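Both complexes shown next keep chain A, but they swap its partner, so chain B is in the first and chain C is in the second.
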Partner chain A sequence: MLGSFGIAVTTISLLLSLSLLYLSYYDLKLSSNRISKKIYKFSFLQILLTFLSFITLIMAYVISDFSLINVYENSHTTKPLFYKISGTWGNHEGSLLLWINILVLFSFLFLILDENKNKNFRLYTLIFQNILISTFLIFLLTNSNPFSLLYPVPTEGMGLNPILQDPALAIHPPLLYVGFVGSSIYFSIALAALITKVDSKSLATTIKPWVSVSWSFQTLGILVGSIWAYYELGWGGFWFWDPVENSSLMPWFLMTALLHSVLVLERRIGLYSWVIILSILTFTMSVVGTFLVRSGILNSVHTFANDPSRGLFILSFLALMVFSSIYIFFKYAPNENKNYKIFSKESFILLNNWFMIFFLAVVLIGTLYPVFLDTLTGQKISVGPPYYNFILAPFLLPLLFLMTSGPKHKWISPEKIGIFNIVLFIAVILFIIIFILIKESSILLLLILLFSTYLITQTIFDFFEKLKNKSINLSRIISHFGFGMLIFSISLNQIFSIEESFNAKVGDERSFKNYTIKFNNLETFSKNNFKSAKGYFEITDNKNSTSQNLTPEIRVYNKPETITYEASINTRLFSDSYLTMSNISSTDVFNIKFQKKPFMNFIWFSVLLISLGGILQFTRFRKKI
Partner chain B sequence: MKILLLTIVLFFSNSISYCNENKTYEILKNLRCLVCQGQTISDSNSDFALTIKEVVNDKVKEGLSKKEIYNFLSDKYGDWILFNTPLKANSYFLWFMPYVLFILGGIFLYLVIRKSTEKTKQ
Partner chain C sequence: MRKKYLVLLYSIAIFIFIVLYLSLGKNKVYTTQENIGKKLPEVELNYFDKNGEFSTKELAKFKFSLLNFWASWCGPCRKEHKHLVELSKNSNLKIIGVNFKDEKKKCFKVFK
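Coming up: the complex of A and B.
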């Protein structure tokens, strides 16, 4: 029932997208300088029906309608309601429908929010956006239909992978998709700007809010995914440079570059073509990311759903998209006047772009090189954290330095600013205090600490300056401060992390450094959809004689049958205690892993600040219009 | 060039400090669990991971260096097991391309800025 309804609704929304394509094209030739009412009406219907198809799928999950293959394969009646709903986008077909919903949402928001722009510019944007929407709808209906029916109707579903049954992972895909798919709108805007020869000021003001909003959501999405990996995967890390994680980071670098370049474009100093290239690349990279995750060519801890035929479709779509963008770009690219002065703000923004593109290149090479090498020569190599840390970490030093001094320079003014000042002096003093406290011997880590302290001190100074002078951009201060804090906290986390792994039976005790861990008790119990063995541990800190209780679990889920290891984490302001246990087969001995993870809260909080800067930028901007 | 030199200096200082850390533990963090999806040996509880943990522990006790242990494991299981990609003919591109790109990007940027400043002088 719901299946046929869903197919009908989705088909109608495809027809609406095609009609919108036709109507927008037809409207281009009309002399009126306003977009015809019909387009508004059709757009409204389009968003209504697209939402409806998504709601239909959610309903099918809520009532466990197993006549839909998709529901049968990914849900189960005993699953809590919350995870029935989030299960909707926990699989390929459902998440593709969410992807399309966001495409349509952005298309609609663009139509109603950017009313004061040139008519043909808006129409072309709608055309490109609807080409994307139609293509993905056709892909959905022909290859990945979430409403495909199953007969005879099974009485029970197969269940959702238990490690996906988690609040963080329920909101992670929607956040990340707003980031990923949000970049589609400036992809369309960029192409439309080329064709209609929009001037740099209005191109900049049109894409700026969209870039800020997608960038903020992308940042939040990455943060939530990282938090999930930290407590759910049970290894106590928050970033593994895993190919799937990299896929979310690559568009982020481009968005960051774009966010800065737009500022130059806005002041008519140059970068017109470059902003267009970045806009096209960002969405391309988002589709590449989707391709990498969905096609299953990558070996990753996050690979949950994949199928080669999808990969083939996305790859063909990608090729088509890239080639037509390149064609449009070279056909319409304008000659522009560039006017960059050394030591002016715009030069520093160019330097920012240089670093962002470099970071992107490193991550792209690291992710794809093993795949190409395997395909071409059959040799399998792994590229892991040591590679990225080794290549990227040294470049953080100049980046942090540029982030500190760049914003102090003026636009179009080649004025040099002295590096030696009170801020640097304070930063160095703070750094010396830190140095005495931590006794770390790695020069690289120490320098990173020094430079991040410098950035943090500078942004705090800027903040007080801002209180006096209203014209300073607060969102920049917050985001840069967040980034400084992030690097600072990660470095300290690296230095102070403790890890101890040992085997123990119930009743055993283990002492190391300042800690004593006692395995007090083991309890087994059954819940609705899993069985669990829960360990009771007491950890005593001998230094200040405090103790805490941690209770890691081993869970055996029944639908589908999976073992998960649930970490027990005690979060304090400055440090997390992290305990996991795992059974050693056919013995009563457990492998216990205890970790001290300092500054985790600071890491999460600083990413939140980075993202907050983007959101502020968006609201500030909307107010100005 | 300065940056490259700096990198090399930093690399050495880095590797010196890491030597002092727990050797077995660091090795296990850099090994891929071959039967898992993208997990390290250190993080995995699979039988394969447990075996490798034993092997590495024994080799460290025998007094083998980190390099010898990595070589021993990659001879047996291939380079796929090593997360810290060794510098070999098949990974020159991987290790050097980023620096080449960074330098090329820098030259390009320099030319763009110089061209633009010359134009405004005229």
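Coming up: the complex of A and C.
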């Protein structure tokens, strides 16, 4: 019942999108200055029906309607309600429907919020956006239909992968999708701007809020994914340079570059074509990410099941998108005068952009190189953290310096500002104190610490200046402060992390550095959907004479049958204690891994600050309107 | 000038898309099956209990060889040890243990 209803509603959504394409095209020829009422009505219906199709799928999950293959394959009656709902987007088909919902939401919001813009510009944007919506709806209905029916109807479902049954992972995809898919609107805007020759100020003011909002959500999505990986996957790290993580980071680099370039464009100093290229590239990179995750060409912890037909569809769509965007760009891009003064704010922003593009290139090559090598030569390799750390870390130094120095410069004016000032002096003093305290010998890490201290000190100074002088941009201060804090905390985390791995039986004791770990007890118990072996450990810090109890678990879930290793984490303000255990088959010996992870809270909090800056930028902009 | 860039960009894009297309049907799971019938690559390893280096050429002296990768931290390795000792009684077979990602001190402990 729900399945047929879902298919009907989604098909009508597709028809509405196709009608909107026709209506927008037809409206272009009319002489009126306003977009016809019909388009508004159709758009409203489109968003209503797309939402309805998504709610239908959620309902099917809530009532465990196993007549839908999608619900049968990814849900189970004993699953808690919260995870039944979040399970809706925990699979390829359901998450694709969420994708489409966000595409439609952004299309609708653009139509009703940007009313004061040029009519044809808005219509072309709608056309491009509806091409995207229609294509994805066709993909959904023909290849990845979440409403596909199953007969005879099974009485029980196969369940959701237990590692996905987690609050952080329930909100991770929607957050990331607002970022990813939100970039579609400025992709459409950029192409429409080229065709209708919209001026730079107008283009900048149109895309700026969309870039801020998608950037903030992308940042939050990445943060929540990292937190999940940290406590759920049991590796004790927060970023693994996994190809799928990289897929979310690549559009983020482009969004960051775009967020900054728009500021230049807004002041009519140039970068018109560059902003267009970045807007096109950001969404393209989001689709590339989707292709990599869903086609199964990568081996990763979170790729969906391998299905080449899906990959072929997305790849064809991607090719069409890339070739037509390049064509439109070359046909319509205006010639620009590039006249940037060195030491002006815009030249610093341009440099920041080049850094972002460099980071993007490094991550893109690292992600795709194994795929290319395997296809062209048959050789299988994996590119891991050493590659990324080796190439990216040194470039953080000039980037941190640019972030500190750039905002102090003025627009257009090539005024030189002395590098040596009171802020640098204080930063150096702080750094010397840190240097004495940490006794670190890696010069690169020390320099990164120095430059991040400089950025943090500078933004604190800027904040106090903001209190006196209201004109300073608070969103920039918060984001830059967050970034400085992030790099600072990651560096200290690298320096002070302790890791000890050993095998132990119940009753064993292990001493290393200042710690003693005692394996006190092992308890097994059964719950509704899993069996668990829980270890009781006492960790004594011999230096401070304190002790704490940690209880890692090994869980065996029955639907679907999966073993998970639940880390036990004791979070303190400055440091986390992290313990995992894994069994060695047919023995009573367990492999124990203890980690001391300093400044984890600071890492999470600084990413939150970075994202907050984007949200503030968005609200500031909306107030102006 | 623009046309030149357009052709260049299209060519790069076409190349990337062809490679991605070809990669779609490939099996991404690494299996040792593919190595059956292949020659052992030339490697040089230090002997554990005596000076000098071991070369794979030495294996030619035996009819069958078994290279077993092991470590002191590896549970399954401990379990299979007794089976390897049993197998080592066969004079046609040369068993070579390759110690992997381990500390020398801990390895000697295992031997005791």
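We adopt the following convention: the second predicted complex is superposed on the first by the 623 of 625 C-alpha atoms of A that agree within 3 Å, B and C clash if a C-alpha of one lies under 4 Å from a C-alpha of the other, contacts with A are read in each partner's own complex, and residues count from 1 in each chain.
The definition used in the following text is that a contact is a pair of C-beta atoms (placed from the backbone, for glycine too) under 8 Å apart; a residue touches a chain by one contact, two chains touch by 3 or more.
Because the structure is a prediction, the values reported are computed rather than measured.
**Q** After the alignment on chain A, I want to confirm one thing: do chain B and chain C clash, or do they fit together?
**A** Clash.
**Q** Name the chain, either chain B or chain C, that contacts more residues of chain A.
**A** In the superposed model, B touches more residues of chain A.
**Q** Examine A:291 and indicate which partner it touches, taking first as chain B and second as chain C; both and neither are also allowed.
**A** Once the two structures are laid over each other on A, A:291 reaches chain C alone.
**Q** Based on the superposed arrangement, let me know which partner A:565 touches: chain B (first), chain C (second), both, or neither?
**A** Only chain B; A:565 stays clear of chain C.
**Q** Look at A:587 in the shared chain and tell me whether it touches chain B only, chain C only, both, or neither; answer first, second, both or neither.
**A** In the superposed model, A:587 contacts chain C only, not chain B.
**Q** Could you tell me if A:380 is touching chain B, chain C, both of them or neither one (first, second, both, neither)?
**A** both
**Q** Please indicate which partner A:499 is in contact with in the superposed arrangement: first for chain B, second for chain C, both, or neither.
**A** After superposition on chain A, A:499 lies in contact with chain B alone.
**Q** State whether A:77 touches chain B only (first), chain C only (second), both chains, or neither.
**A** After superposing on A, A:77 lies clear of both chain B and chain C.
**Q** In the overlaid three-chain picture, which partner chain does A:323 touch, first (chain B) or second (chain C), both, or neither?
**A** In the superposition, A:323 contacts chain C only.
**Q** With both complexes superposed on chain A, which partner does A:444 reach: first (chain B), second (chain C), both or neither?
**A** The answer is first: A:444 touches chain B but not chain C.
**Q** Residue by residue on chain A, keep only those touching chain B in one complex and chain C in the other, then list them.
**A** 299, 380, 501, 584-585, 591.
**Q** How about chain B: which of its residues touch chain A in the complex?
**A** It comes out as residues 3, 6-7, 9-11, 13-14, 16-18, 20, 25, 30, 32, 36-40, 42-43, 45, 47, 50, 78-85, 90-91, 93-95, 97-98, 101-102, 105-106, 109, 112-113, 115-117, 119-120.
**Q** What part of chain A is in contact with chain B in the complex they form?
**A** So the residues of chain A touching chain B come out as 233-235, 240, 242-243, 270, 299-303, 338-342, 347, 350-351, 354, 357-358, 361-362, 365-366, 369, 373, 377, 379-387, 390-391, 394-395, 398, 414, 440-444, 447, 499, 501, 565, 582-585, 591.
**Q** Under the stated contact criterion, what part of chain A meets chain C in this complex?
**A** Against chain C, chain A makes touches at 291, 295-299, 306, 308, 311-312, 315, 318-319, 322-323, 326-327, 330, 371-372, 374-376, 380, 501-503, 584-587, 589, 591.
**Q** So in the complex, which bits of chain C are touching chain A?
**A** 2, 5-6, 9-10, 13, 17, 19-26, 28-30, 73, 75-76, 78-79
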